[in-house]
Every structure is written in C-alpha cells, then in structure tokens.
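Some structures to go through are shown next.
Both complexes below contain chain A, partnered by chain B and then by chain C.
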Partner chain A sequence: MSNPTLTPTATIPQTAGIAAATAVVPKQQRRTGGGWRWKVRVTPYLFLLPYVLTTLVFFLYPLLHATVLAFFQTSGPGRRVFVGTENFTFVLADPDFRKALFNTCLFAVASIAVQLPLSLGLAMLLNAKHGRMKAFFRLAIFAPNLVGQVFVGILFAMLFTPRYGLFNRFLHELIGWGLEMRWLGDPALVMPAVVIASLWLYVGFNMIYFLAALQNVDQSLVEAARIDGADPWDIFLNVTLPSIAPVVTFVVVTSTIGSFQLFELPYTLLQGFGPNNSGLTVVGYLYNYAFDSGDLGTAAAVGWLLTFVILMVSLAQIRLSRKVSDD
Partner chain B sequence: MGFPYGTAPLVILLIAIVSGAAAMLSEATSPRADGRPDLIFATFSKEHAAAYQPAVERFELEHGVDVQLQVVSQRALQGRLQSSMQVGADVPDMVELLDGTLGVFAKGPVEDVGFVDLTEHVHREGLYDRLVTSRFGKWSSRGHIFALPHDVHSVMLAYRRDLVEDLGIDVSMLTTWDEFCRVGREVVTKDLTGDGVPDRYMIDLPADGGDALRLLMLQRGGAMFDEAGNVAFDNPAAVDVIDWYVRRVAGEDRISFPAGWGQNLAKAMTDGLVLFYICPDWRLKQFESDVPSLAGKMALMPVPAWEPGARRTTTWGGTGLAITKQCGNPDLAWKLAMHLYYDPAQLGERFAQTLILPPLKQAWTEPQIDAPSPVFSGMRVGRAYADLATQVPEEQSSAYMTLAVAKLSEAYNNALAHFQAGGEANLHEVARNELKSAAGRVRTVMERNRFLRDGAEIPVAAAAGTAKGVR
Partner chain C sequence: MNTPNELQWTLIVLAAAFVALLLVSRRWATNYARTVVLIGVGTVMLLPFAWLVCAAFKDAAVLNDYTFLPPVDKISNKTVNLKNFETLLGEKQTVQGPVNFWRYVANSLFLASAGTFISLVFSSMGGYALAKYRFAGRGPLITFMLASMTIPGVVLLAPNFEIIWRLGWMDTYKALLVPGCVSAFGIFLFRQAIIGVPNDLIEAGRIDGCSEFRIYMTLIMPLVRPMTGAFCLISFLGAWNAFLGPNIFLQSQQKLTLPVVLNQYIGEYSQQYGVFLAGTLLAIIPPAVLFLSLQREFIGGLTSGAVKQ
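== the complex of A and B ==
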C-alpha cells in the first residue's frame, strides 16, 4: 500500500527541485518550516548546554576568580586588600618557591630520563613474540598504578625506614651498606627516594602506552630492514622509534605535566615535605599557602605561575618533537 | 506525540528528573530536615568523641536539647572550617582544634577571628586560676582567648625498664641531659654482636629535628614566638639546643636513633633498639595499645634538666575547644564546654579512659589519677604527670607556627650538614647564623600580612571599589 502523502511527489518533475516538492507535501512542509528549522539549529546547543554550564560554573568562573584573587590579600569573607603584583613578586623571590621549582624540575627530568626508557624497555620485552607469562608480567608491572600515590607513599615510607625498612635491609645484605640510611630524613636523599617510589608507580603505566604503540609498528618494515642487514639497534632507531614517535611525544608531555603536578606522593611519603623542604614541590608550595596559611591570593599567584611553566614546557616539547619528526 | 529529540534524550531527561526528585525527596525526609540539632560539636579525635559520648548524652537529658557529635579527620576539619569561614558558609557550633591551628584562623584582625572571644567567660568562671595558666597561651591571640584548653600535655621519658635495669642504669641519677648523654654513650658503644653496628640507642630523636627540637627549646626557656606574636626562635636557647641536638644524632657523641611512628616505633620498642622515648601523656595510650607485649616492662621518668635543679618537663601538643561565631546559642555551647572539659566529677573517669591529664587542678585529686598502671610497672602515671604539670612551659599561638617550625628545622639541618662535613668547628656560630637567617625569613613573610599592620585594615566597603567581584 502506497503512502498517500508521498504519492503526489511522483507527479512532480525532477527539475522542480525540493522547494516544489515540499509545496505539495503538507507534512514535509511542516517539518521544513521556520519552527522546525529553529529546533534543528538549537538542538545541538541544547545538548551542549549541560557541559557548557558545568564548565562555566566549575572551571571558567573559578579561573577568573583565581585571576582576580592573585592580586589581592584576603582575610575571611569580610576583608580584602589590593596588592597589585606583590603576590607574584614575593613568590618569585621566595627561596622556598625556587627550591620547590628546582625539586619539581628535578623530578620531571628524572621521570623522563629514567622512567620512560625503563617503560619502553619493559614494553619491548613484553612485546616479544615468544615468552611465557607475558600477560602476568604486564598486569604485575601495571598493577602498582592501580593503588595510587597515597598508598605508595605510605608503603615506601615503611620500606625506607632506617634499620627495619626492606629497602635498607636489602641494600645492607647486597652491598653491606645502607642499613641506617635516612632516606626520608637526609635532605640529599629525599628526592632520590621520591623518584624511586614514583618509578614503581608509573613505569608500568607508561609501559602500557608504549606496548600499544609497539604492537602497531609495521612488521613488514622491520622485516625489510632485517633483510637489508640492519642490526636490532638500527631497527629500533630507524624503524621502531619513528613509528612510535607520536606516542613518545604524548607520553613525554603527559609525564612532564604530571611531574609538575606532583603532590600526594612526597606529601604522604615524607609526612610533609621533608627536612629543609627537600621534598617540596610547586603544588606542595601552593598547598602550604592555600590550606596551611590560608593565603589564597599567594596560592592563586602560584597556581598561575605553575600553569605558565607547564604551558611553556609542553609547547617546547611539542615543537621539539615536531622538529625531530620532520627531520 | 513523540519526543522531538529522540528516545535516548527522552530517557536521559526522565532519569534526570526522577533522580533529581528522589534526591530532593530524600533531603526533605531526612532527619536533619526536622531541624538542625541545638548544637553541632566537631572533633578530630575518635578517642575524644568516645570519651565525650556519655557526657553528651547526660547533658542532652539535663537540658532537654539535641547535641550532634561529629568526628572529622584533623586535616579535613581544619580545611573545611577554614574554607567555610573564608566564604561565610555553615560551620559547626563547637570545634576541637589541634595544637598550632588556632593561628591559621587568627591571621587577620582580632574581630575577624571566626571564634567567640572567651576571655571574659574564662575570667568570670575563675578558670584562669583554676586551670594550668600556661595552657591558655596556645589558645590565645593578641591577648584574647579563643579556645579552652583540654589538656596539659606535660612530657616525661618513657623507657624500657627491664633493659635499663639489666644495663645497671639508675634512672634517678639521670637528672641532667649531660648525665643522660654520658650514660647514653656507654649504651651505644657496647657492641653486643660484634658487627660494628650499634645494638642499642639511648633515646628516640627524629633525625630532622621535627617537634623534638621545639619542645627541647621550650624546656630550655626559649620560645617560637613571644607574647606579642613576634618571631623569637633565634634565641640563645635555640642555638644551644641545636648545638646539643646535632651532636646527639651524628658524630662520635651520637646516642639517638629515629624510631619514627607506628609499626617502626613498635618494632624498635619491642626489640629494645631504643631505651628512652619522649612521652607526653597522650602517647601513653598509644604505647599501651601498640606494644601490649611490653606491659610491665615500661616505666616513666621526668625529662632530664638542662641545668641541675632546672625544669624537668616540657610540653608537646594540645587540643582546644572553640565556639564558632555562627553558633546560634553560645550560652548553651559554653555550658556544654564547661560540662565536657571542667566537670571534676567526670574527669577522673575520662583520665582512666584516655590517660590525658586535664588542666583543671581540682581534678587531680580524683582517685583515677593515683591509679597504678600495669603497663608502666605499677607507676601512678597520672600523679607523675600532675606533679610536673605546673612546670609546663607556655607556648604562644601564631598563624606562622608551621612556617616557623619548618624554618627551625631548616636551621638545624644546615647546622647538621656543617657538622657532618667539617666537624664541630664553629658549630655554635653556624647554628646562630642559620637561626638568624631562618627567623628573618619568617619575619619577611609575616610583614607581608597587611591585615596585621597598624592602620592597614581595609573593610569590604572601603575595598569594594578596587575589589569588584571579589568576595
């Protein structure tokens, strides 16, 4: 049975176009009228509205508020005083901020220089065609990431205990040294301790990215290189690495950003920020001002400085990796 | 008629409407909707809350009111209270504050402090004379008392009595730190296993100085801040303590080991690795529960004095009860505070439960204070702490206490690094210079606080022109 509303269209010549067709189809006419067109235009925005509203309320407003706050000193809901750029100049001149920035950069460099090669190495080992229990090792190496920074902080605080800590006892048994090493009490050893704890936490996480990238490397290229006489190192350098370059860039950028946001791990590991602020990070410095001192203006200024640093470092890394890819 | 955007958005919309309605209904029918309790009292200590519960119930019956007792972790309590006061949001009527946190709430002008000024109440009730007076320092700012002291927290040394007696040490002779250190060296240098690693240490001292440095400085007569709130930790007492402390944790005169906290501490105690432990009364209960195997093997002695005949104790920690300015019935809150903290009839039982000595001197005659402790070799621990309570040094609160303690620790660590690198040459001078520099840093930060500068307080109305949009 034919649809009566559509039947008349058969009589309309093709050249008459859609306008002519709609002119003789009442229902079609309703659907392409002004109201319908408005609905079609508005609908996507209605779908976007919850996200936009949430972003405005919980992101944009606080962002703007923090910007204004960075130029004030406050005392409770009742008092505030405009201080211009004083919060910024104070922070930039503060030796504790410089120490926090140094520690954070040190951690970021260690993350990239130690953590990522380890992650890549493990990924390559676990990407091997043969090998028993690959799945088990993948899970085992990734598993520490499931427990989070606070757990790892508490756990390693015990491992690093002088005399009784597993780490100290292991070192003592292995090389006859380190039984009473104050990993968390000696300013010179605090950052190495934080880096060691973070290795356990993050190596497996980044390994998963590298593993996924390695599984997408074109094996015909690898085979071709091998037939041409390339050794494994050449293959890695000239085939594997260029193939996984986008993932490497991604991991380097996210690791750097993550490193600059470091807070919970040293805070729980050291029950604070360690002797001489040797475990103080930029976010820790911000936390001190916002929640220990209640100086929200200075904390907001630190937040903006941190954002600026992360932005600059990330842009530099992305440009550098693009340049390397182009070359 | 169909939903114009399709079935999926319709389902999502329906779920949103139903769940929203359910949430509103649940809020409307919750017990809290029947009305806020007459008083909400928040504490950070589960032990305190358990001890207060029977007293709160009695108070509710006597006054025909509803009191809600909340336990919130210390970090969360401080953070939420700070944030709520910052924006003028709802806060509990009464809160227990941890030592050192009042200053955070008293950074601005006195009238901006979010707690009721209790100074007049304290004097009217005669509390200033009935309590250990020095305890008000922690809970005062610029001469105004904002919280009531819960405790005295005098400090003694807890020790492994069995091992100390085996070693032939007579603790009654350890009256000064000099004598204590001399005996300590004999303990540390005895290598029982012959592996070159000390088998026993005399005392548990944190390697980074931590709170121990501060409480030893207080014992010696120094202070972090003076009564006017000025930085004072670059004093001669602090120089002497750093000089002493550095030699106790490093070098050939070392007698200490950092036993830490929790399981590590319990292990060090059980193994007998460390003999003496700094022990305020709040630590007694921890020792009881964490190392039950040492029951009957522990004992207490007064802290050795810096000079013969000088102070044999110091103080570590504290809790204060404050009434917030948003409290709808401050008189009722005051009555509850008096009932919980200073009713002698229940303080004896409370001591038996918590082993924390109350600051109300009248309560020290309660029989529980003289009860022998099976853990501490039958000692009357309450009496031992009460005997030292009036010697407890006064400590002032400050918004910059956390920073000052960190800087004191920094000065100590720099002096320690100097000692480890070059020995004791110029150690005293280095300690003095480091303290001067550290205190100067705290002063610089304090000077930034425009609300504490005379004549620089700017009320909202005056600042509105320049601060549009900021609250």
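== the complex of A and C ==
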C-alpha cells in the first residue's frame, strides 16, 4: 500500500480503458520515475539521520557505557575494578532497594487502578453532548500539567502541612478530623500523599487522551445499541470500551512506564526520601548512588534491573490487551 | 457528630436535590449529577492554584499561618503585600554580574521554544519517513524506538554527563538542545498521524515534480497541523518545566532556567517559599497562554495521532 514507487494510477482518468492505462503508465514512469527513484531510496535515511545520530551518541553509546559500568566498582574518577555481577547481587539483597521497588510498584498499581478510571470517567463526563463550559472544565482539569513535577512537589509539601495545610483543612471540614495528620512525617501516609499529588498532576493529561479517543467512537453504533434497549453500562462495556481499546492500551503502557520512572515528584515533595525511606523510589535509589555517592556501577546495575522490570510489565500489558481484544 | 458545617450542609443539600430530581426525571438527574461532579472536580483541581495566588502575596512571616488569606481584620501591609514579587523581580548580584528574573524568563523561553521547534522539525521528518517509505531496516528501527522508550532517562544521565563534558559543551545550551533535538516518542506520534495521509497525494506531488523535502513541507505538514499543535504543547511543557538536565549541565548563574532558579529560593541556603511561589505563579503564564491558544488542536491532534493503531 505505502510503496511510493508504485505506478501513479491516480493520474489516469477514470474514463480511460484498461488498455489505454497500461499504455500510458510505463511511459510516464520512464519520464519522471527515473528522477524520483533514487531520491525515494535516499530520502528516508536523510530524514531519519538526526534521530540516528543523536541516538548513537546520546543513547546507544551511554547505554553501552552504563552496561559496562554495571560490572565494575567505581570509586572516584578513573578508578574502576571489575567485580562481575556483584553490583546486581548487592542491589537485589539490599533491603532499601526492595523497599524502593515495593514503593514504585505500589505507585504504579495505584496510578493504573485509581488514576486511569478517574481520567476515563472525567473524559466521559466531558464528552457528553450538551453541557456548557466544557472548555472551562477541560482547562481546569488540565491546568496542573502547566506546572512541572518539581513545583508540584514543593507546592504539595506546603498543602500537606498539618495545621493550616489545604489538605487537612479540607478533610477537617468534610469529616471533622485530620487537622493534625502528618502526611509527610508518617511513613504510612507518605506514599498515599505521593499518589494524591500525582493524581492531581496527571489525571488531566490522561483524560485528554481518553477524550480524544471518545470523540472518535462511532456514534451510530452507540445509537443502535440504545435502540436495541442496551443500558448505559452495557453500551460502555460492549461498544465504547472496545472502540477505544487501542488508546487504553497506549495510556496504560505509557503511564506504567512513567510510574516506574517516578522520581522528581516524591524527591521534592519529601525533600529527600521521606522518614525511614518511606518515599524511596527505584530511580531515587539510583540517583542517590549515581550523584550522591558517585557509585556509578551500582547505579547502572539498578538502571538495568529497572529497565528489565518495565520491559516485562509493558510486554505483559500489551499481550494481555491483545488477548482481551481478540476475545 | 455535631451539627453539620457549611461544607457538609452543601453536600447534604446537593444530594437531596439529586434524589428529588431522580424522582422527577432520570435524564435531569443525570445532567444535574454530571454538572455537580464536574464543578466539584474543577474546584478541587483549581484550589491549589487559588492557594498559590494567595500565598504569593502573603508576607513570609504569615505564610504558614492561614490556609488562604488572613481574615479581613488581619489583612494589612504586614500580612499581605508585594514583597515576594519585589524580591523576585529585583536585580540580584552574582559572581558573574547582576541578573534579574526577566533574564531567566528569556533563557527559559529561548530554550523551550528553540527545543520545541527543532524537535518538531526532526520528529515530523522521522515520522514521515517511517510512515510513507519502505526501506531496509524500517521494521527493526520501529521496534528499537518502542523499546528505547522503556529505558529510564536517569540511567543515561551519568554517562551523558561524561559525553557532554568531553565534547566541551558544559554550561552551553548545546548540552540541552542537541541530545533532546529528536525523540522516539515524537517520531512515533507523527508516524501515527501521517500514516492516515493518502499515498495518492504524495505520488501526485512527485509527478508534479516536487522534491521529497517539498512534499514533506507543503503537502504533509499542513495536513497534520493538529498533531503539530499537540506535539508543540507537550514538547514546550516538558522543556519549560525541565529541571534535572538544566540543573546538571548549566553552571553560570546568568544561563540558568526558571525551574533551577526558583528552586534556589528554597535551596539549602535560603528558605524563601514566598518568593518561590510568586515565581511559580509567573512561570505558569506562558504555558497557560500556549495551552489556551492550542486547546482545540491539542485534542484534535491526539485524535489523529496516538489513537489510530
């Protein structure tokens, strides 16, 4: 289909007979085709050259470098000792790393299980036919994305302050307690606080993806189902959800990848890793080794372990979504 | 439980109204519930901004004393004033000379818009190549690009630091612009958008004697304009709010970007939260303007892009 060297059938008048068409095409191809044949061969490489070059220098080479480093112990610049897989075994046995991995997985599960349904629900509310001020609500829900992770971390650190913090005041007004809750001081509340802050930040962004997908759903299908007497829940499950399945997969996979790379938000929210490392994430653990202790070998090993986890989870999700949509 | 307060009363009244409407008409009740939920969610999303606006004008001494603004009888020049903005906008003496806030705004604007423009050109070119040309290595390249998105950026930060240092690009904008000049994600978005463009159009362009670059410029790009809007917004937001890269690669005070400078106000040596919040408030304005002007294309662009598989 997308072979650009195909004969240019589009230019042949529809009224022309088959004989005329076959007679005309080769001539045209000879006249103009020779000109664009080699160009068509070379152009894609030229167009992709910037990507290939920057990827070689700033992605593949550093990746290779990181891979090599993972098998060395580095202590200060230029001092490297080969240690085999020791970095990996050390990290896997380190209780701090396990905690970080646990926190990161917890966060990923929370963002998939809470954030995405919420985003989808909001998108469906905003996709309704009537309803004024849709543009306003869209802006309001998207607005947090105008602020970066660093700002959101610091902003929420202040919103979570026990006495006058917005969050506790709201809880207090609503259910009468919570004025003294130390969100960022209590190890059990640290991850919920991170999830709440990230919810505020990302719900709008994913909502936009879902909104875009919902506007592509064939309304005649929905109408037909309604006439057949399907209730809204049935329509959602059997018409809407299958129609937006590719986007759901896309959003699930990208948010999982994003969640596993969580770092700046908790780091600024907690001004570090929280009491008793309760807000430590895998990337935080890596950052700590790479930039605070200068132990690049361990950091590289952590990076590879994390990449492995992300790859496995993403592949599982893609497989699962294919299976679901095949059924 | 004591007598309900204002918030609780509001919720009770809203719920009662919903039940009453439900008895009258299901459709009215649905619309009512939708509006109430949207207003509720909208309020929750905007409350931190309201808090931010109030906090930016509060004096450092009372910053942590009131949830929003102080009660009316306590509002005075001592509690609510423009001191945060004065500190922020005033000239600051550094080792490299005097700098002020607008300099950082200009730096950030330059970096974000230049970065967005460059990656727009390169990503769309790459996306076009992958969508409409058959060439050796196309399949593996697409697989590679998808796989590369799973590598956490932080893993590459330390080795990249070494490369930038060896290239002699430390403390230059090249260090930020060149490595980020094209992304797999951007190419992927544009590929998805361009796949939908009919091949006949491209072939017609070739027969009329268009060069390959001109086909891309004058035929393809106008057709994927919505995606261009979406991409620009995502890319600009990312560059405008970027912290880790500028913080690591830029050194002289005059070259820093807004997030890095604002972070200095709450760094180890100065704990000026008020000034930080005032700066944040001002830093939201450019992306907000961009979002408002690209809103429609943003949603349209994602519809044409990542959506169709």
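Just so it is clear, the second predicted complex is superposed on the first by the 277 of 327 C-alpha atoms of A that agree within 3 Å, B and C clash if a C-alpha of one lies under 4 Å from a C-alpha of the other, contacts with A are read in each partner's own complex, and residues count from 1 in each chain.
Criterion: a residue touches a chain if its C-beta (ideal position, glycine included) is under 8 Å from a C-beta of that chain, and two chains touch if they have at least 3 such contacts.
Treat the numbers as computed from the prediction; the structure is a model and nothing was measured.
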Checklist entry - Does chain B (first) or chain C (second) touch A:T43, or do both, or does neither? => result both
Next on the checklist: Taking the superposition on A as described, I'd like to know which of chain B and chain C A:L139 touches: first, second, both or neither.
Outcome noted: second
Next on the checklist: One more residue to check, A:L269. First (chain B), second (chain C), both or neither?
Outcome noted: neither
Checklist entry - In the superposed arrangement, which partner chain does A:T161 touch: chain B (first), chain C (second), both, or neither? => result both
Next on the checklist: Quick check on the superposed pair: does A:L201 touch chain B, chain C, both, or neither? Answer first, second, both or neither.
Outcome noted: neither
Item to check | chain A residues touched by each partner, larger count belonging to chain B or chain C | outcome: C
Checklist entry - Which partner does A:L305 contact after superposing on A: first (chain B), second (chain C), both, neither? => result neither
Next on the checklist: Quick check on the superposed pair: does A:L189 touch chain B, chain C, both, or neither? Answer first, second, both or neither.
Outcome noted: neither
Checklist entry - First (chain B), second (chain C), both or neither: which does A:V57 touch? => result second
Checklist entry - With the two structures laid over each other on chain A, which partner does A:N277 touch: chain B (first), chain C (second), both, or neither? => result first
Next on the checklist: Need the overlap of the two footprints on chain A, from chain B and from chain C, as residue ranges.
Outcome noted: 39, 43, 47, 65, 69, 158, 161, 164-165, 291, 296
Next on the checklist: Applying the document's contact rule, which stretches of chain C touch chain A when the two form their complex?
Outcome noted: 1-2, 5-8, 11, 31, 34-35, 37-38, 41-42, 44-49, 51-52, 55, 64-67, 122, 125-126, 128-135, 138, 141, 147-160, 162-163, 178-179, 181-182, 184, 187, 195, 199-200, 202-204, 206-207, 209, 211-213, 216, 237, 240-244, 259, 262-263, 266, 273, 276-277, 280, 283-284, 287-288, 291-292, 295, 298-300, 302-303, 306-309
Checklist entry - Which residues of chain B touch chain A in their complex? => result 4-5, 9, 78-79, 82, 85-88, 104-105, 107-109, 112, 114, 197, 206-209, 257-258, 260, 263-264, 267-268, 273, 399-400, 402-403, 406, 409-410, 413-414, 417, 441, 448-451, 456-460, 463, 466-467, 469-471
Checklist entry - Which positions of chain A touch chain C when the two form their complex? => result 1-4, 6, 8, 10-11, 28, 32, 35-36, 39-41, 43-45, 47-48, 50-51, 54-55, 57-59, 61-63, 65-66, 69, 122, 125-126, 128, 130-131, 135-151, 154-156, 158-159, 161, 164-166, 169-170, 173-174, 176, 200, 204, 208-209, 211-213, 215-216, 246-247, 250, 257, 260-261, 263-264, 283, 286-287, 290-291, 296, 299-300, 303-304, 306-307, 310-311, 314
Checklist outcome for this item: Per the touch rule, the chain A residues reaching chain B in their complex are 39, 43, 46-47, 65, 68-69, 72-83, 86, 90, 95, 158, 161-165, 179-180, 182, 185-187, 273-277, 288, 291-296
